[in-house]
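Presented sequentially are two complexes of subunit A, the first with subunit B as partner and the second with subunit C.
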Partner chain A sequence: MTVTVKTFATSGEAAAALSSDRSARYLGGGTLVMRALNEGDISVSTVVRATDQALARIEVTNLRVTIGAGVTFARILAERDLGFLHAPARSIGGPAVRNMGTVGGNLFAPSPFGDFTVALLALDATIAMQGGLGTRDLPIEEFLQSRDRQNGALVLAISCQRPASADAFRYRKVARIKPKGGSVITLAAHLPVSSGRISGARIALGSMAATQIRARAAERALEGRSLDSSAISAAAAAIAEGTSPTDSALASAWYRREVAGVHLRRLLSGQE
Partner chain B sequence: MPKTALQFHHNGREVALFVDGGVNLLVALREIIGDMTPKFGCGQGGCGACSVLIDGELHLSCLTLAETAAGRAVETLDGLKDGPNLHPLQRAFMEHFAAQCGYCTPGMLMAAKALLDRNPTPSRDEVVEAISGNICRCTGYEPIINAVLAAAAGGRARA
Partner chain C sequence: MLELRKDIFADERDDNLKEVGKGTQRQDMLGHVTGTSTYFDDHKLQGMLHLKVLRSAHAHARLRRIDTTEAERSPGVRRIIRGSDVPRNLNTLLSLINFGKDDEPTLAVDKVRYKGEPIVAVVADSPREAYEAIAKLRVDYEPLPTVFDVEEALKPGAPVVNETYPKNTFTYHDIYDHQKLRFGDVDRALAEADHVLDQRYQMAPIEHAPTETNGSIAAPDTNGRYVVYTSTQALFFSLDTCAKILDVPSNTFHFIGGTVGGGFGGKVDTLTEPLSILGAMLTGRPVRYVFGREEEMQYGPPRGAERIYIQDGVMRDGRIVARKVRAYFDSGAYTRLSSYAVVKCAAHLPGPYAIPNVYGDIYCVFTNRTPATAMRGFGVTAMDFAIECQMDKLAHIVGMDPMEFRILNAYRDGDMKAHRREAKNTALIECVQVAAEKAKWPLREEFKRMSSLEGGGGIRAAIPLTPREPSTPRAAASQQRTSYDRAPAASSHEPPAPPPAPPPPPRPPAPSHGATRFSSVFGNRRR
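== the complex of A and B ==
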């Protein structure tokens, strides 16, 4: 089957083309879109591309980073200032997938994919979108909740705070094949500390529900406490609360729930 | 459906072709240009048999929209040898029995080349990581890893 490919020089034109055609799909790195086309997915009749360099921009300030939707994981790995995002970027695919796959595409990647988005959810990222009606910023949770209805809008960039210290942000992807494999569970935790107490804990999980979700009960278990073994145990005991994992070839829902606490404990106590 | 005109560098030579919308680079290379060295294994990004270098970076040609290669340099296994002389990686693959059925070999060689071009003295772990997107159903990987390490060591000896 052939599709129409429309290439635009600006993100504005690409967004307009997307919002006016329900069967149009934006092409980021293409690792999922081309898969669908190769399989003969007939729901896509138009592929929209943008060559706008703004989509490939990375901006780093003392407090925040802004990453264009078209930035690849390989580029993140080459950027020293984005060191806190290296573990999530490295956990994706093999080298070719990291050279091709983008941050923007990861936001839409269905489970077991979307590992980078787990990190972004823990970091309370903001998604800059351009739709038919102009641009707007969406908190990542709102974006994820309405993700299925975001077809037709273009993600321009994501931005998030820089963790205050290397310890304040932790990431772990559990896979059965090393060094590359689909996620059994992906965990990310942002644990800012103020006067020795955790304040504003955010823990995000991948492969534990239809989209990436926050583990709010585990966050509550850590809030206001220091990261000692009793706080870690309380968080680990609460981690599966509110999750709804499914059975897949990688792991059963039961197994995912069962081991989530083990992996959270390892993540928080700094064990391999 | 109109075809799209496309030009890129294929192993150092400029090629011009017409592609149907949505065609991937693997199909363009094999069916239009006639370079059969990149292989079709899955069309899903899972096997790495179709690996090529685009502007020196490892890409999966089956997941690359052909049009996105416009103006860029595409390298396939066909461009690896220098006239009648095999590339050091190809020789090391022969000497270390790194190919059995050979189906994964073009992709493995391109993944290995991408690594050595960037990092001429990789560790064993770095070699494993570099070929982690490439599946081999025959060798058990050890001979391939040894061949890449040997090619790297050979390069050092010559340098």
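== the complex of A and C ==
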């Protein structure tokens, strides 16, 4: 069977095409789907595209940002208002991949990829999706837990709050090849501070489980405390709790668990 | 920019040569920088078919049954190729120069010996249809015990990887299971050395990672000939290999290549051409066979992994008096070119240094890993890494500057190398001096004044007395045994030494009056 490419003017039509065909896959920038096709993945028979400009929209208000699923990392890097997302965007691939790869596609990138999604998880993003039955908003954690079953739906946009200050959101990707290697560990931490105390800490990890996950034990270790060395030590000690990394050519599961605390400590204490 | 230091080597080269030493434009550079160079995959021929292979899912398994019925009925399939369709389904690359035994099938028949070994080829109208047919092939495997470690593979009772070489070692000169280098009396020198340093080095396989993956397109031509567009970096070598495997005269083929999208040694093995030509022969249509990126990374041959043990003896004044090397080259499941890497390595020992007592045992070992092949200085690069690590550690042990330590031990013009060739154009001393100068690394005056042109030869040109039988290790005298790191001394767990190789059988009298010549590959030969 040959591969059919279907291009639609609206995201609604594209979503309908996706939900009605199990062998259909949505093509955003193509950095995942074209690779799969080139390597002989015969599970994809229909490629669905949408030219809907709404998918490429970026909206920024004082409190929140909304980014269309089709926005590329190169565009995020060109957007001054999205400065807090520049580090995660820059950590992905080389210029060619950043030029094509999209925010929506990154949500589906398997480990050791999907670094941008680690940042979105720490920022408690909301995923706007269109399925066969209409649109709905899904918290990112819920989305990630059911990611394997989301192929029939189309991601329209993601939205998240803007961190109150530059210090409140931190991101670090550990790779063996710089700047564009796959992730050994990716860490993102959103640590809002009110009257000197951390309130609502969210720490997210990439390459430490089948999907991006939160480090809840480390979050608890920081909650209600100021970001001092004892709090950082407590969080670093707890970082690997609940993780289930696997061995890969980039790093062993053991190594990932061993060094996660070291990198969290560096991230939180502002060391390079 | 290459710079010949005429201030040091005034007589080294005639400055009036027309081409040598003159800057010149590469003939293919304009095409490369303007993106107009034509690669093999830029040929889209009318009616071209696409070939993909089913690869083994196991590292070592017997093939009980291969069922192609469903795949044959798959849409777009033109031909399924099995091992029995390949005219001569056993080859070794260097058989073209009579080196080594045929040990590798184009398509596996009764057994697979590494994960990813090709078993069945599918020729179809499109790559997609070929992939879909491959998903319908059924192979019944009977997994066999595997061996992935070079020293494990040499132990008695280890699984036999490749029945052509039942001891899991390549056979040199029909009888030897390794290459041996003996120069002087290493055991005596080690016993008399002030310090002995034992180390183990383990290399990983290295993938060439070319931008253009391996591939070729073969098309029927007039007069029963075939034109082959190929990525090979060894055009005539690949052509002759195909002629042998397909059992036709070499003038059957017109190979077109020359523009290689990155080779580095990884495009010598002629992995795609025999099958794309066979596909063209069996279908009468042009056939294209190109590795995907994962195939290239996972199953394209890498630089072989090497395990190296080095035992060095050094005196307090910094002179290295002995170097004893035991190395195991991981050839993977088949020979390809690792057998030759071993020969090169033996000739390279002990590195670019004048050491009066040298000992080397180098093995080419078969394991259930991806076959290894050529890559930039293979056989020498990894050994040099190990040797230069040793040099730094030895310098540290005797308290010498590492640059001066290298100058002190460097070979010089006229010195006898361990493989009994006189060293010429050595220039290591000058290289170290210039490197130190550029790095602003301080050298003492006496080391700045040393020269590779002086002090060599004479007594250093003599071949030392070399015991034929392995000498018994002597008791350590006043020697200080230096453990450099936590690794246990390698000599404590030396594997059972293979029985000493018998002397080569006497040659029959020469039938002609030709002179005898020694070749490291062929041994003694008459010409």
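Assume the second predicted complex is superposed on the first by the 271 of 272 C-alpha atoms of A that agree within 3 Å, B and C clash if a C-alpha of one lies under 4 Å from a C-alpha of the other, contacts with A are read in each partner's own complex, and residues count from 1 in each chain.
By our rule, contacts are C-beta pairs under 8 Å (C-beta built on N, C-alpha and C of every residue); 3 or more make two chains touch, one makes a residue touch a chain.
All values derive from a computational prediction rather than experimental measurement.
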- request: Pick one for A:Q130: touches subunit B only (first), subunit C only (second), both, or neither.
  value: neither
Query: Touch check for A:T243: first (subunit B), second (subunit C), both, or neither?
result: neither
Task: Would you sort A:G40 into first (subunit B), second (subunit C), both or neither based on which partner it touches?
output: second
Touching partner for A:V3 - first (subunit B), second (subunit C), both, neither: both
Message: Per the contact definition in the header, classify A:N99: touching subunit B only (first), subunit C only (second), both, or neither.
response: first
Query: Who touches more of subunit A, subunit B or subunit C?
result: B
Query: In the superposed view, which residues of subunit A touch subunit B and also subunit C?
result: 1-3, 38-39
Subunit A residues touching subunit C - in the complex, by the definition given at the top: 1-3, 38-40, 42
- request: Can you check the complex and tell me which residues of subunit C touch subunit A?
  value: 52, 75, 126-129, 131-132, 134-135, 292-294
Field: In the complex, subunit B residues that touch subunit A
entry: 1, 4, 20-24, 43-45, 48, 51, 57-60, 62-65, 67-68, 111, 114-115, 128-134
Message: Looking at the complex, which residues from subunit A come into contact with subunit B?
response: 1-5, 7, 27, 30-31, 34-35, 37-39, 47, 49, 74, 93-97, 99-100, 179-180
